[in-house]
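Please see the structure below; I have some questions.
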Amino acid sequence: MTATVVESTWANPAAVAGPARGGAVPAVAGAARWLLRTLALTVPVFLFATFLTFLLGAVSGLSPAGLLLGDAATPADVARVRAELGLDRPVLVQYVDWLSHVVRGDFGSSWLNGVSVSSQIGDRLSVSLSVAGFALLIAVVAGTALGVGAAVWRGTWFDRAVTVFCSVVAALPPFVVAVALIVVFSVLLPLVPSAGYVPFDQDPGMWLTLITLPAVALSLDAVADIARQLRTGLAGAYRENYVLGAVVRGLGPRRILFNHVLRNGAGPALSVLGLRIPMLVGGAVVTESIFGMSGFGRFAADGALRGDVPVVQGTLVVAIVLVLVANTIVDALLLRLRPAARRRS
Amino acid sequence: MAEPLLEVAGLAVALGRGRGRREILHGVDLTVGAGESVGLIGETGSGKSTLARTVVGLHRAARGRIRVAGTEVTSLRGRRLRAFRRSGVVQYVFQDPLRSLDPDLTVGESVGFGIPDAGSRVADALRLVGLDPALASRLPGEVSGGQRQRAAIARAMIAGPRLLICDEPVSALDAATRVQVLDLLVALCSENGIGLLYISHDLGSVAGVTDRLAVLHHGDVVEAGTTEQVVAAPRHPYTRLLIGSAPTVDGGGMSRTERAELRALLSASSSTGGSVPLGKVVP
Amino acid sequence: MARPRTLLRLAALAAAAAVALAGCGAGAGSASGSTLKWGFSLPTSWDPVTSSTGNDINTISLVYASLTQLDEKATAIPGLARSWDYNADGTAVTFHLRPGLTFTDGTPLDADAVKQSLLRGKTQQNSLLKDQLATISDITTSGDLDVTLHLAAPDYQVPNLLAGKTGEIVSPAAFTKDAAAIPTAPVGAGPFKFESFVPESKAVLVKNPGYWNADAIKIDRLELTPTTDPATVIAAVQSGALDVSFIPGNQIPQAKAAGLEVDVIDSMQVNQVDVNSTLEPLTDRRVVDALKYAIDREQIIDVINGGVGDAVSQPFPKGYVAYDPSLDTAFAYDPAKARQMLADAGYAPGQLSLTVTVNALSQATAELVQQQLQAVGVNATIKVVPPGSSTWQQEVYLGRKAQFALDGTVGRESPVQNLMVVYGSQGLMNTSKVATPEFLAALDAVRRTPLDAPNYPQVLQAAVRAGVQMSPSFSLGTQPRVAVRSKKVSPLPHFLSQYRWEGVTVGSPS
Amino acid sequence: MRRVLAGRVGVVSVAVLAVIALLAAFGPLLAPHDPLLQDPRAILAGPSAQHWLGTDNLGRDVLSRLLAGSTLSLVAGVEAVAVGLVLGVVPALLSVHLGRVVEWVSLRVMETFVTLPFLVFAVAMTALLGNGLQQAMLAVGILIAPGFYRVTRAAALPVATAQYVEAAVLAGASPWTVLRRHVWPKVVPAVAVSTASLLGASLVIVSSLTFLGIGITPPTPTWGGMLATDLQYLYQRPFGPFVPAALIVATVGACNGLADALRDGPSRRPARRKVVADVAAST
Amino acid sequence: MLLRVRDLSVHTGDTTLVSGVDLRLDRGATLGVVGESGSGKSLTCRSILGILPPGLRNGDGTVVEFDGTDLRGLDERGWREYRGTRIGAVFQDPASYLNPSIGVGAQLAEVLRVRVGLGRRAARDRAVELLADMGLRDPARVYRQYPFELSGGMLQRVLIAVAISAEPDLLIADEATTALDVTVQAEVLDLLADLRDRTGLALLLVSHDLAVVAQVCDEVIVMRDGAVVERGRAGDVLAAPSHPYTRSLIDAHTRYGIEKFRLEEAQRG
């Protein structure tokens, strides 16, 4: 019985005659404002994340000298290389210098082989994006199917099956799934090769065959999460009064699902999708090393294990940018889907 | 006349930040004497709650001053404000007890919040508002709406207030219960000489409670006077519309056409930025 | 940043995936000529001058040929040079090149090219070959085919030395144009020609018809990828993702059970313990020697490597010219003696603590060693350092902070060079950085002995003996290469020094 | 606790966790063999009367290692959660109560943590700062802190602006009292749910890290590390990876189940009477 | 007789929430139902619309006849022919009955397209027209706005437009003015009365406030604890309430409402 939170705008000149807050502003100005706000939130995150990334390398005390000089380095060589690379300057100066290169897409060269980090990342990103993209596709398609099914047939065996599936999968670490998939589909039933990668333009069939297992291993968790969130979100939306309103207006169940419920109930699942993207990028470390794909995740992990600081920093920055971009897209989608969300920011 | 218990003079309040900052009250005068009950009538967005909240220091005044029992409260900050509040001179009863009582604290805990040796005093306070002290161990969700609001009143009474501010205290209650709670409020105030500032959007339901009325419209008091004057002979068109809109059981009241005319007049005034002068009707 | 494009690409990929799903049922591998997919490791650099680990010889030598090369027993035989001869006092050696050699970029591989290539190793600022080439003081040519190396001192090891990275000849046309490109775009005259390379990911090589020994190469195309997780190597070969790869010795039964062929190939690789005697408590020679007796080499080989390999006490495998059979019983496993020596040094059981530094791949060995040390009353903790990393370099080689590091030498083309690395006063693996004059003198004697002199083996083995006796570090056992291959690949030749592909054929899977 | 045990999922989860906690606490005592003792003559042996689950690649008793490994695997997860709790809950409460600057900064910092790709960051941190459990757990703790931050903030934010908090402020309560009496009781249940589910999540990460060989010093046994080793001997001991995997899955599953039970269990507060009650709502 | 309800009861498990409710409503007539929360008035409305919450069911004896058809015999598909087109409904808390993510105009047009069968453009034009009919100023702009941009009074008018868009014979207004400001409430009630007068719509008005019902309705029934305690013509009930509960409702007004002053004045005058 609480009063509505909306201020009475009837008979309020500002609301009736003037431009309304939010809704009626020209679309262009709205988009520009959204962009500005997004930047205002994203840039600090980017700066802080990159600083953290840089700091990680700086405090590690590692130096490229050992890697560059190899088996035959002398202390003098080491000092020379350090000075050449500017590693004897204050950290903040180094960070600004590094960042100014990073924003131009220059992550420096690998300490290990002297090859430009950005070109290496570029080479490998296609591998990871294939797998992560496919995993994302699986997650969205399967997660949506399961989640929507469970929500529409609430309380049926299907709903319970989805719930059980989600609980089981949530407890399965991706590497366990990966190994199980290899054991089943490569060793016991030799259907697909267990390892390797072929670019799409070289052999699309093989490309798909090779990325399927890792993508499945990587996506399962996300499938469960999306299904679960979607089911909860949709079930919540089904309980909303506007659904009752639609029923009372004589609208059919399909129209109610697609036009009203999905739009509002998909929000949490979409947000989860946004949160899942860093995990897909991060999870690639394990799956790529198990499936022998020279992808981005493995590159990052190998770089880290070898103490190849530019590689670690470069991969982290790229991952961060990927995630920020993905989150911005999710954010924009959410806003399109649910304009009311604009109010809450 | 002695200094009034509550004296609000030229009060202006602005809320919000940056571009969203708006002046809600434009210079409001209001007094409540000791033992007097004053109704503040205003609809959503009129600024009535803002006024009440500013009196207890939940908002800051942009201009003007507020004195409560001789204390200038507009300038109180931090520790001194807290000390003033702890003195219990002003107490506040909210609209919905379900929201103003912590759902996880028992009625007794809420009533005795911050009170030393609360035990017996809580029981007394509950008895004072007509509640069984045994209810002290219940959670708000476990008692009826009327009992909850009585508990909220008990929480106010336990502090020994001289001024009680009630913000729509019965609008969340069923009609039958309303009467009982209003009976209780009126009785408590008159017996203890407590000043009452009673806030409502519905003039029709306040009229019987208060000695005087002030009608708030878009941040200005547009009409004030004794309840009888205002109800019997409203002079401001807005007041007339308010009274004409109140549903009544006596078959009296305004016709649909009369209401429509008043609305047209009011909206013409506001959409011309007040060039159709309506003025203020304040004694 | 090319963010939008990336996204477009992602969308395109997704769309393509859908098409592919709808279109083709199963994608079979492309069948071209004879392709061999080798799962190994990629070199740290494709430039012999900047390559930083010994292991790179296996992969770098795919694209480069060197003046000489090593035969199965690791004896120098002709390569690009069809013969060579020393002057009388051993201070100059002249190599006679085969006629008509060219690099894969089409430029001629003549005497001048050899000279320039070798000089680059001596002069390029970031060259890691400077030490090895220090022995060469000057290079002269006569005609197109004769190159003479003038040596600072008599050194008959040069033909050995030049069989490795040091002697790999890089096209001067390529490196004068852009030396920085060589690490990722090598131009040599080796058995294969570089086709494409994705760093850390994949190198594709095609047969070089201009290689002097091209007739022996039966593989048209070689795809080199770094190996996958050891757990999946067998599955990868089984499923055809790889044709040849390598596995630890203890997985041989699994590989065989999976229907794969296994070649156990003796190698120059010897597992070593780098002991740093400048760190307490290893400054006491009795402690160091006690540790040598405390390690059960046979057990390590049995447990860790499935019995593949030989226990040795010197950094050379049996059958190699430098191998000294008289050292077979040196430091033989004797825990009682170890305990006694520790007691003599004043350590009661449990009093001595030690850190065993190891790279992640040899973790199990470390755990075994830890228990063996425990058995003689030494408490060991294990410190795992990632393989091939700057941290290993800093920890062990540069920082010399490791007391007891489980290391290994992959061997060098020249036994002298190997002894220098393991025992020399500036030797990388000699973390104590001390060498006795006796050892250095013995080494010098080896350099002055022609490879074909009858007493060469005795002189060489004497130097090995001196090193083993002198050094706090010690050897554990040989590490043969265990290659696993699909049945369509013919057996691999057994070269001590490195993987070689002469004569290897890839048929259709049977 | 009562509410957790009300459902079947809760009972099973608590039982599983109890067993595993017992294993973690007394595992080393229960172990039939020294988990580090190698028997080079019996490597990769199958199950026998002496070694119920066989031996590993160095001839160590697998059962004993699993038992010993449970301590570290669990303690690591708990440690990470503790770090996450401190790094998440405290800033969340501060963000709600200390004004907009703290709020803005803490929100951005948490977003940053969310942005970091989990494993890559953890691997980088341990690789660059030293390969120790402390570093690994610090990394994992940082990465799960936003989870705690989010739920704490979500629970604390409505309380901070709730009417009953205003009522308490009006009674002169200090911010500390408000935090203790009103905010904290609302935050605890939400945090308890997250603690359970994030414990599950951090166990997965810990096992992934130990699977990659990060964060532990050999020969210390951990479930993830054993799984990684077992995988190399899949052909000799095909059932090898099954046991540690099952333990990880069971523990994580039980944590998730506990979280569900905590979330869905009947609360002390009676549900508000609702005309529309979706009976089927039970996730 | 447009609507006829006989012996309506609602049960959940073994508990009876509502019992023995009889209603009759002629075309163009207005019936008011008064009762506090929990009195069963909302469940009665929902029974008529066939939208009882899950777990609740009507008793076997319940008869709901609309224009000669037994509504209880309808399946989901059959119901769709009645809801929206023959029976419209508006409820309390209008904001929650509109999809927050879709413009209000689009939601109105949706009904016009699906239930009335208008084309896209025609639906749009008709929607704007309807909004204007509801007394909303600048209807073209309201059409584009989202629910969160409109006040409660405006939203309720939009919902009324949605409910009557397919020109139903009966409009059920369940606490449709609760929580609105008094002046806005009066406007909405006036709008409903206008609609009834203009279109011959039958109105079932449900409220907790007897005065609200009395203002619009010809006939009133009072419910308490799931049963009807009083019924009659509005004027009769107000003048001579027979049930103590009804009296207490009137009492609240006469003691604390403006009626008090008018009574005093009347007595004085």
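Letters A, B, C, D and E name the chains as they come in the text, with residue numbers starting at 1 for each one.
The criterion applied here is as follows: contacts are C-beta pairs under 8 Å (C-beta built on N, C-alpha and C of every residue); 3 or more make two chains touch, one makes a residue touch a chain.
Which chain is which protein? Per UniProt: A, D = ABC-type transporter, integral membrane subunit; B, E = Nickel-transporting ATPase; C = ABC-type transporter, periplasmic subunit.
Treat the numbers as computed from the prediction; the structure is a model and nothing was measured.
Steps needed, at minimum, to get from chain C to chain E (Nickel-transporting ATPase) via touching chains?
The least step count works out to 2.
In terms of CA centres, which chain lies closest to the overall middle?
A
Tally the contacting C-beta pairs at the A-E interface and at the A-C interface, and name the larger one.
Of A-E and A-C, more C-beta pairs in contact link A-C.
Averaging over Cα atoms per chain, report the distance between chain A and chain B (Nickel-transporting ATPase) in Å.
Taking the average C-alpha coordinate of chain A and of chain B (Nickel-transporting ATPase), the gap between them is 51 Å.
For chain B (Nickel-transporting ATPase) and chain E (Nickel-transporting ATPase), let me know how many angstrom lie between their CA-based centres, rounded off.
Here the centre of chain E (Nickel-transporting ATPase) sits 31 Å away from the centre of chain B (Nickel-transporting ATPase).
Which whole number of Å gives the spacing of the CA centres of chain C and chain D?
Chain C and chain D have C-alpha centres separated by 44 Å.
Using mean CA coordinates as chain centres, what's the gap between chain A and chain D in Å?
22
Hunt down the residues of chain D that sit against at least two other chains at once, touch-wise.
127, 231, 234, 276, 278-280 - these are the residues of chain D that touch more than one other chain.
Going through chain C residue by residue, note those that touch at least 2 other chains and give them in order.
229, 231, 360, 386, 391
Where does chain E (Nickel-transporting ATPase) touch two or more other chains at once, residue-wise?
37, 151-152, 181, 184 - these are the residues of chain E (Nickel-transporting ATPase) that touch more than one other chain.
If you look only at chain B (Nickel-transporting ATPase), which of its residues touch chain D in the complex?
56, 58, 82-88, 90-92, 94, 96, 98-105, 110, 113-114, 139, 141-142, 152, 155, 159
Using the touch definition up top, name the residues of chain B (Nickel-transporting ATPase) that touch chain E (Nickel-transporting ATPase) in the complex.
Residues 43-44, 174-176, 178-179, 182, 201-209, 227-228, 231-232, 241-253, 256, 259-260, 263 of chain B (Nickel-transporting ATPase) touch chain E (Nickel-transporting ATPase) in their complex.
In their complex, what parts of chain E (Nickel-transporting ATPase) are in touch with chain B (Nickel-transporting ATPase)?
36-37, 151-152, 181-187, 189-190, 193-194, 208-212, 214-215, 235, 238, 245, 248-263, 265
Show me the residue ranges of chain D that touch chain C in the complex, using the header's touch definition.
Within the complex, chain D contacts chain C at residues 36-38, 40, 43, 57-59, 127, 131, 213, 217-219, 228-229, 231-236.
Could you please specify the touching residues of chain C with respect to chain A in the complex?
Touching chain A from chain C are residues 1, 3, 6-7, 9-10, 13-14, 16-17, 19-21, 24, 26-30, 39, 44-45, 50-54, 126, 128, 130-131, 180, 183-184, 198-202, 225-229, 231-232, 235-236, 238-242, 360, 386-391, 393-394, 397-398, 421, 428.
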